[in-house]
Amino acid sequence: MSEQQRLTHLDEHGQARMVDVGDKAETQRLAIARGEVHMRQETLRLIQTDGLPKGDVLAVARVAGIMAAKKTHELIPMCHPLLLSSVKVDFELHPAQEEGQDAVVQITATVKVTGKTGVEMEALTAVSVAGLTIYDMAKAVDKAMRLEGVRLVEKHGGKSGDVVLE
Amino acid sequence: MSEQQRLTHLDEHGQARMVDVGDKAETQRLAIARGEVHMRQETLRLIQTDGLPKGDVLAVARVAGIMAAKKTHELIPMCHPLLLSSVKVDFELHPAQEEGQDAVVQITATVKVTGKTGVEMEALTAVSVAGLTIYDMAKAVDKAMRLEGVRLVEKHGGKSGDVVLE
Amino acid sequence: MSEQQRLTHLDEHGQARMVDVGDKAETQRLAIARGEVHMRQETLRLIQTDGLPKGDVLAVARVAGIMAAKKTHELIPMCHPLLLSSVKVDFELHPAQEEGQDAVVQITATVKVTGKTGVEMEALTAVSVAGLTIYDMAKAVDKAMRLEGVRLVEKHGGKSGDVVLE
Amino acid sequence: MSEQQRLTHLDEHGQARMVDVGDKAETQRLAIARGEVHMRQETLRLIQTDGLPKGDVLAVARVAGIMAAKKTHELIPMCHPLLLSSVKVDFELHPAQEEGQDAVVQITATVKVTGKTGVEMEALTAVSVAGLTIYDMAKAVDKAMRLEGVRLVEKHGGKSGDVVLE
Amino acid sequence: MSEQQRLTHLDEHGQARMVDVGDKAETQRLAIARGEVHMRQETLRLIQTDGLPKGDVLAVARVAGIMAAKKTHELIPMCHPLLLSSVKVDFELHPAQEEGQDAVVQITATVKVTGKTGVEMEALTAVSVAGLTIYDMAKAVDKAMRLEGVRLVEKHGGKSGDVVLE
Amino acid sequence: MSEQQRLTHLDEHGQARMVDVGDKAETQRLAIARGEVHMRQETLRLIQTDGLPKGDVLAVARVAGIMAAKKTHELIPMCHPLLLSSVKVDFELHPAQEEGQDAVVQITATVKVTGKTGVEMEALTAVSVAGLTIYDMAKAVDKAMRLEGVRLVEKHGGKSGDVVLE
């Protein structure tokens, strides 16, 4: 099996370990992840207007996503702790275009670090927890919401260089 | 606006709060959530066979999901702490049926509690973190994996009674 | 020394312990705590208007206070873990009344539980962390802000009955 | 608005973010924060003498403050994680000078780091949590204690240079 | 295999799960665990006399043990969260009886709960972390210290009734 | 008292502090710790064969140990946070050699960092929590298991140079 085809967090006996990054260089790294919360049109309307223009739902989800990025290494067992230098979580609201379609909140998280490993997992965690928080805040009116398409969008810095998937 | 149509974690000024469950009854509650990690067929093959029959990747993801369920109230800002009585995380592996299709690991989390609020968020969190852990363990070979369809499947107990969505 | 005059978290040798509440009754309890962040008038103006009517600064501080209430037993060594049933954090903005006076953000936290111990510490922790978060968000423009008067205001339920200090 | 007058943790839309420190230099930084717990003279006497010369109350509060400094980035949403190189928490006991005056425990926290951001928040958090711990340990005898004047005293290192407020 | 001989945290496929305690009764439970830190006689002397009669080393280790008991369910993957009603950590210092023998600090942790599962793990965790803290505080003078005999001593309450091992 | 004979986490008044490592060099450091879980022969047999060749008990204990290493600074009060670059936990199973002897699972943890302090505590914590997890997973069949001999085995890098104790 080529080096490229090994699952790096497993050793030669298939046992989990935190892969050794001791010899990697400290470089500036950035990752962008994205995902979408699908919901009923009425639910999106409530998120948009409840109380205030921007809505406390998204403010809370943003804080939750940022704080979760900092907890990534406590959640994902083989992740290395990292000194994140920046976390940003943005939302785009897409009303349903026609009857029967889902309304969508798109979540994009951008994470930066100067360190020895990339921050894909931090960006993906921020998206997921921000999305779950939206679910939590709106679940009284819409239990069928779904978090879809949580994925890496871009990644820069480090040995694997620039990865642009979207 | 009907009671049913309020976002319960926002007060009358649209400000976030942890909703008051003090007067709710302690009942037995259960929630089942589900989601799928989409990946290349080759990636699924590596997860299945790396080292051992059942593979350490899924064992690690299972532990991560179970531990994350217990952390839900630390991740989702308005969630109540709960004394979970049971958490279970199961995986089903679905190889690609034909060329060009995704292979899929389906994750199902079942959470139980005797308490004053439901455990949807705990089940959804377990699924999400288990899914992200699979991503982390396999990302060296497949950065384009996606976590899809994180959703509530069933919910029993509490005021809203039985909800079966799938 | 009378029972009333013992520091309950110290045993008879003056050594710290988590006091035994095993025989106490589970009752509904509520605590309200309060504190003030003092700042320059200009700082208050920035908090009020930055971006939006209510301002993201206070939304972030509110989330921080609520989440901190849930972490109280991890921060205060002898505190018991509790299943908080409600946490609410409110702000009142008091502009300086005359030249040279401080502007003030008053923070009030209300915490409820059904349990064996009171929630004073949870309410005081919510106020403190909300206040520190305001400091953090505004410290680039005003390093001399002060968190003043963090105190218990009311307490209901439990053996000591109703306590109203303000 | 001048650069100096922006709330740095808000972006141009007033939305919260963890400000990007990726381009800042790693320098040695130090912050000193201070605050006072006001209490009845009798309460101070119990803290001083309960069991032992130095008293376990202050030993516990010191540990709580040091451990809280390390948790700052988990409590204050927009704070960056940092590798603290030193944390020290000191207490000075000031008995009431005359009838009717408060007795006071003054808390001073000194935090050092080699990093890209300052440690004001870490020092302020250590003071606050040490103060709350004193409240917790003595609240059975004095519920009216107050945590006053939590403030930054000194700050060295970093772009803003030396700040001495006291 | 008899019921008694199953590893309860594994399901019928040998996969880990948090065992379901939903149908168990809430009863008062108590566990006592013990362990010993072995060290050079000179190290024990430093712990005893450094600064003060009782010594801050043991005060810090006691706080660490108590706080760790509350974190047990975050450390041990299949442990249930519990509302501990009491945690106590005691130390006995045993100087070496003769030349060449180890000096010993014996650690005993007593944990109580009213809940659906026992608190063996909480007591064992308190002992272990208190012991590791002693190691940390004294490691500059004695790197060869060992934590020995971490074990359950007594257990009361719950289906398995009274267990007394020592 | 010689420098070598001071407990570094206590100041000149015997009070706890996080020792200042600000002036220490960042070097590559490694620590290896070890410990043994003693159990009945029958218990070892269940751990080995329950369900699968390698057994989920050890997979879960491995994950628990690795995650605990990352939490060391939250458990041991005076420990510095560190960016661990690698954590590995290995098990060796030693069946009882003759009637009446204990069976043993030996746990070895290897931790690496590039930083200002050593990682003894991280390695010792990984061993302890992995050992406690084995206890937890098997306690339904063997409550008399003991965690023995938790100790530092090797340490490299840093001012104290190479230490090999075993």
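Labels A, B, C, D, E and F are assigned to the chains in the order they are written; within every chain, residues are numbered from 1.
Assume a contact is a pair of C-beta atoms (placed from the backbone, for glycine too) under 8 Å apart; a residue touches a chain by one contact, two chains touch by 3 or more.
None of the values given here were measured: they were computed from a predicted structure.
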item: Any chain in contact with chain A as well as chain E; value: B, C, D, F
item: Most remote chain, CA-based centroid, reference being chain C; value: F
item: Most distant chain from chain E by Cα centroid; value: A
item: C-D against A-C, pair bridged by the larger set of C-beta contacts; value: C-D
item: Fitting chain B to chain E on CA atoms, where both chains share a sequence, rotation angle to nearest 5 degrees; value: 120
item: Rounded Å distance between chain D and chain F, as computed from the means of their C-alpha atoms; value: 32
item: Contacts with 2+ other chains: residues of chain A; value: 14-16, 52, 54, 56, 59-60, 63-64, 67, 71, 74, 77-78, 81-83
item: Each pair of chains that touches, named by its two labels; value: A-B, A-C, A-D, A-F, B-C, B-E, B-F, C-D, C-E, D-E, D-F, E-F
item: Residue ranges of chain A in contact with chain F within the complex; value: 11, 14-22, 73-74, 77-78, 80-83, 115-116
item: Contact set on chain D toward chain C in their complex; value: 4-10, 13-16, 35, 42, 46-47, 50-52, 55-57, 59-60, 63-64, 67-68, 71, 74-79, 120-121, 124-125, 128-129, 131-133, 135-141, 143-152, 155, 163, 165
item: Interface residues, chain D side, partner chain F - complex; value: 28, 54, 59, 62-63, 66-67, 70-71, 81-90, 112-114
item: Residue numbers on chain F that touch chain B, as the complex places them; value: 52-54, 56, 59-60, 63-64, 67
